[in-house]
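Look for chain A in each of the two complexes below; its partner is chain B in the first and chain C in the second.
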Partner chain A sequence: MTAALETLPPPTTVAAPASWRRALRRVLRNPLSAGGLVVVVVTLAAAALADLLAPYPYDLTNFDATLQPPSLAHWFGTDELGRDQLSRVLHGLRVSVAVGVLSVGLSLLIGVPLGLLAGFYRLLDPVISRLTDTLLAFPFLVLAVGLAAILGPSLTTATIALGIGGVPLIIRVARSETLRLRELDFVAAAVADGAGDLQLMRRHILPNAVNALLVQATVSVPAAIIGEAVLSFLGLGVRPPIPSLGVMIASAQPLFRDGPWLAVIPGLAIVLLTLALNLFGDGLRDALDPRESR
Partner chain B sequence: MTANTGTLLAVRDLTVRFRTEDGTVLAVDQVCFEVAERELVALVGESGCGKSVTAMALTGLLPASATVSGEIGFAGQDLRRRSERRLRAIRGRDIAYVFQEPMTSLNPVLTVGHQIGEVLRRHQRMRGAAVRRRATELMELVGIPLPARRLREYPHQLSGGMRQRVMIAMALACTPKLLVADEPTTALDVTVQAGILDVLRTLSAETGTAVLLITHDLGVVADLADRVVVMYAGRVIEEADVVDLFARPGHPYTRGLLDAVPNPARHASGGPDPAAGQGLREIPGRVPVLADSPDACTFAERCTRTDDTCRTRRPELSAGPAGHPVRCWHPLAVPASSLAGGGAR
Partner chain C sequence: MGRYLLRRLVESAVTLVLATVVVFAGVRALPGDPARTLAGEEADPVAIAAIRRRYGFDQPLPVQYYRYLENLAQGEMGRSLRTGLPVTDTIRDALPVTVQLAVFSMVVAVLIGVGAGVIAAVRRRSAAEWGANTIALLGLSIPNFWLGLMAILVFAIAFPVLPASGFVSVFENPVESFRHLLMPALVLGSGLAAVVMRQTRSAMLESLSADYVRTARAKGLSNAQVVLSHALRNSLIVVITIVGLQLGALISGAVVTEQIFVLPGFGKLTIDAVFTRDYPMIQGVVLVTAAAYIAINLLVDLLYSVIDPRIRVGGAAL
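For the complex of A and B:
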């Protein structure tokens, strides 16, 4: 009985943020997703404040202190050129997070409209869905290599390649949400009120699909971060001396015996951030699930 | 039955078929009826007899699997010949709908005020403060307390009855000529129902909006309607003034519907046990699903008065013993008591 009372929606207060605040509260109640959120926030803050937090410039060489293991002066050690690993990880994190977020943003920008159209218009669906399948079947690395050949390897190239690579997944989520939502009563009611297709998609379907897309995005960002690491490792992304987590692992490879921390620490950073984003995404999905909000 | 000056809606020979996986289904079979300006007409029948399909067909709201034929005359134009764009402008402005499910008919992520405002912005080109003022006014009109505050709330913060009032407010936003209310109270508690019916009655009287009320609840019909059109298996089988219909039903199906309504007065006079004698009677069987329009009475399988004629020849809608149109080979005689001018309801 008390449980039933607790799950009742809170009495009418300020409306709009209520559901969001409730979702946040529910994310924090789950220790795993709460931990994920904390790690994500701390990591984002560290990446954003890299210039302030980093004890040394990321490209400052010091040939008197090469390949130092972690110490008080250099928490994460130094590389073969004597550059401070902590400073490089912080800056690398910034690059990785930026590539991850921007590429997922690009995927959303392309994928959401296409997914909405595919779900809304029966005639367009086969066209867009086949396009999606083709893109999925096309090896992602070949796409990235091709783009790098055209645009030259750079951070922008990596972001665009990752963004395009992520489009099919976003199309699928947006399409399936549209298919589900357009059958609902309130959409039918809006049609009966004279709403046009564009209004239906913009006002009624998209806002209700945001939850699913948001959750998908939290899963896509770590995938893109790992993707960037792969591309940079292969020399298709960021070029040295700009550090990204992937570049750092790549350049640490020949030194693994002399300085294993050079590969392990950025690797751990990727693992930790990915894990945190996934845990937070899982928690967010549960928190936004309407069946649980009953 | 001819189109006079006061006719707002004239449906003629409306036929709707659906393509399904098991062949075509005939949902509406040559339905004709009219709604005059300011009139409250009830479309009655049990589930699956084509009421809602008829209502949806009026403004072309049926899915692509439906084939529609016939004429839908509305305010001097044939809606069947109007383009989707023109129909869109008519929906919500000239013909507005209120649906059965207030719990799911509002968008959960937009505020109530936003949703009412959307109709105003779309059809009246209203903007800014005018929208807010008119929305508040509408909320007040449909009897929602603290309208200014409620406008900022989301659908999940309102009860079912309040949500249905919001739906009515949205429907009335542009003072439509015709309001189609499809089972507006079915999903609501009885006590809430009465309030909603009150709102519908007063508002249609105040704004001069004609109402096409779709329901299977004869209590609602008696409460609200001027005239009743009874449908069965896609056909109109009887049409009469509400008093006339309740006092002198001509079709056995109509009689059956009336008998299936719990009536405390009848139970009281019928003795202590409602199962005995004058108790609640149901019509055995269910509405048939038809692939084609049979040359027979569609009610024959469930009727007590069926003979060979009913099974082999199609009855037409013609004046029955009580004077109003009935589609039956053996319409019921007018009960003596009602000739004496007495027992209407």
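For the complex of A and C:
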């Protein structure tokens, strides 16, 4: 038995860099997902470099140039205070991306350990699964609105509310992956090799669940970006004068007839970003799990 | 079947009880003293103490929770701090608006989603499939509230053909009700339509490659007969489940859609309650939403298990 074990390959099957390169190649071969990736990268860069790229400070008012339609001086026009909309959209994108990424990070931070535990220990499973069902019984936005009511509207609240709202889905993915992986031979081999529970979860199960979690995360980020815009639009997320895209659309509502571009352009920015993320996410899912592709 | 039904009933009951704990604890976690809020800013300590005694805020939390459950069992959810009206009555008035909106949206979503899904599956690698896929992706990527605003911009401001706001019950004036709900339902149904389309397409592709479809074709049935009465019929099981699972998203979407189109429904009630810190109302709307969601999920599960017996077996093995 010992001799047989010694001839086995090392039990860790962490996704090798080569498989990631292969996945990236597959993503790039599909024109739609490649396009999505390019738009995502460009948007991320624009959001990160908003201070350098923005032609004006986002809060600079100019009462000589209020409600200007898009022109060469102001590509996206100006609002009722004469603030340059391009600069505000660039800064708004930064807020959207930050809330999207941080809230999904929070969901992963809470959801992955709970999902691993639920999948690994049969005793904990009913408890964690029931808690997940309870959280799922509150529709995403109702939960977020409730949390915003408790914590008071702010950028942090929006991030926490969206992060907690996303936890149940992450728990489900992590749990089902753990249930699947736990039965596989390489885990049995690691057990025979004397690996403890923590080591099994950390070194053998988690690295192999990364693909599924990553795919879920790419779906969750655009949902969180839209969620942030919705919360801010309702007045429960980012507060003015921070230029979130949702805040921009909300404050454009009374100016609908005089300055429709104020609502149209920030909305198009959200659509472009979420569409690109969804296209990239679809491509990534197909690349990492060829069974899913049709 | 009996055991499965019992198990799902018990699970749903436990989830509902846990939901009451979450709502009870959540409202008590809200900043500020509820007795002070009820008494008003100017109230003296004697009045605050009286209110605290009257509402049982001076009791230990488990006792308060027990009283809360006792009242709930009698359909008593307190009075709105804003209007003074019973929360139960206010919710009863708002619910029909949201139910009509949700049903209309679902019909829109299923008609568009199933239609586009079937076309995308039957006409693979054609312009029709490409178009259906693009529309589905757009449906998933466009925020509801923005689509609503754009719809108002086009159909109520630029070309005034539909009303931008307001609600007329379908039981009062069906034509006006349709005109008022058409835009909100299209907006709310668009995201669900995208999900339904993707699932229908995927289920149809699987059905179309199944043996029974080949047999149907071998029998000499026309393409339309094969697609509609064989492949689509079997794919609809998936659609029922998806519609059920997406109900939460629909309720979330209704919160925003009602806000934009100024519909006096459940979603608007929720937002107004949060903004006015109307705690009894927040408690009521959140709990009713959770209860409805749990009940509908249970119904969908049971319906699904009747249609597809494999689910019961799979469910029992979990």
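Simple rule for what comes next: the second predicted complex is superposed on the first by the 264 of 294 C-alpha atoms of A that agree within 3 Å, B and C clash if a C-alpha of one lies under 4 Å from a C-alpha of the other, contacts with A are read in each partner's own complex, and residues count from 1 in each chain.
By our rule, a contact is a pair of C-beta atoms (placed from the backbone, for glycine too) under 8 Å apart; a residue touches a chain by one contact, two chains touch by 3 or more.
Keep in mind that what you see is a predicted model, and the values were worked out from it rather than measured.
Enquirer: With both structures fitted on chain A, tell me whether chain B or chain C touches more of chain A's residues.
Expert: Between chain B and chain C, the winner on chain A residue contacts is C.
Enquirer: After the superposition on A, what does A:108 contact: first (chain B), second (chain C), both or neither?
Expert: neither
Enquirer: Regarding the shared-chain residue A:204, is it in contact with chain B (first), chain C (second), both, or neither?
Expert: So A:204 only meets chain B here.
Enquirer: Between chain B and chain C, whom does A:192 touch in the aligned arrangement: first, second, both, or neither?
Expert: First partner only.
Enquirer: For A:265, using the defined touch cut-off, is the partner it touches chain B, chain C, both, or neither? Pick first, second, both or neither.
Expert: In the superposition, A:265 touches no partner, neither chain B nor chain C.
Enquirer: For A:138, using the defined touch cut-off, is the partner it touches chain B, chain C, both, or neither? Pick first, second, both or neither.
Expert: A:138 sits against chain C, while chain B stays out of touch.
Enquirer: Which partner does A:184 reach: the first (chain B), the second (chain C), both, or neither?
Expert: first
Enquirer: Please indicate which partner A:27 is in contact with in the superposed arrangement: first for chain B, second for chain C, both, or neither.
Expert: Neither partner.
Enquirer: Contacts for A:155 in the overlay, against chain B (first) and chain C (second): which applies, first, second, both or neither?
Expert: Neither partner.
Enquirer: Going by the contact rule at the top, pick out the chain B residues touching chain A in the complex.
Expert: Going by the criterion above, the answer is residues 59, 61, 88-93, 96-97, 99, 101, 104-111, 118-119, 122-123, 152-154, 156-157, 167, 170-171.
Enquirer: Applying the document's contact rule, which stretches of chain A touch chain B when the two form their complex?
Expert: 9, 12, 15-16, 18-19, 184-186, 188-196, 199, 203-204, 207-208, 210
Enquirer: Note which residues of chain A are touching chain C in the complex, please.
Expert: 130-131, 133-134, 136-142, 145-146, 148-150, 152, 222, 226, 229-230, 233-236, 249, 253, 256-257, 260, 263-264, 267, 270-271, 274-275, 278-279, 282, 294
Enquirer: Name, in rising order, each residue of chain C that touches chain A in their complex.
Expert: The touching residues are 11, 14-16, 18-19, 22, 26, 29-31, 137-138, 140-146, 149-150, 152-153, 157, 202, 205, 248-249, 251-253, 255-256, 259, 270-271, 274-275, 277, 282, 285-286, 289-290, 293-294, 297.
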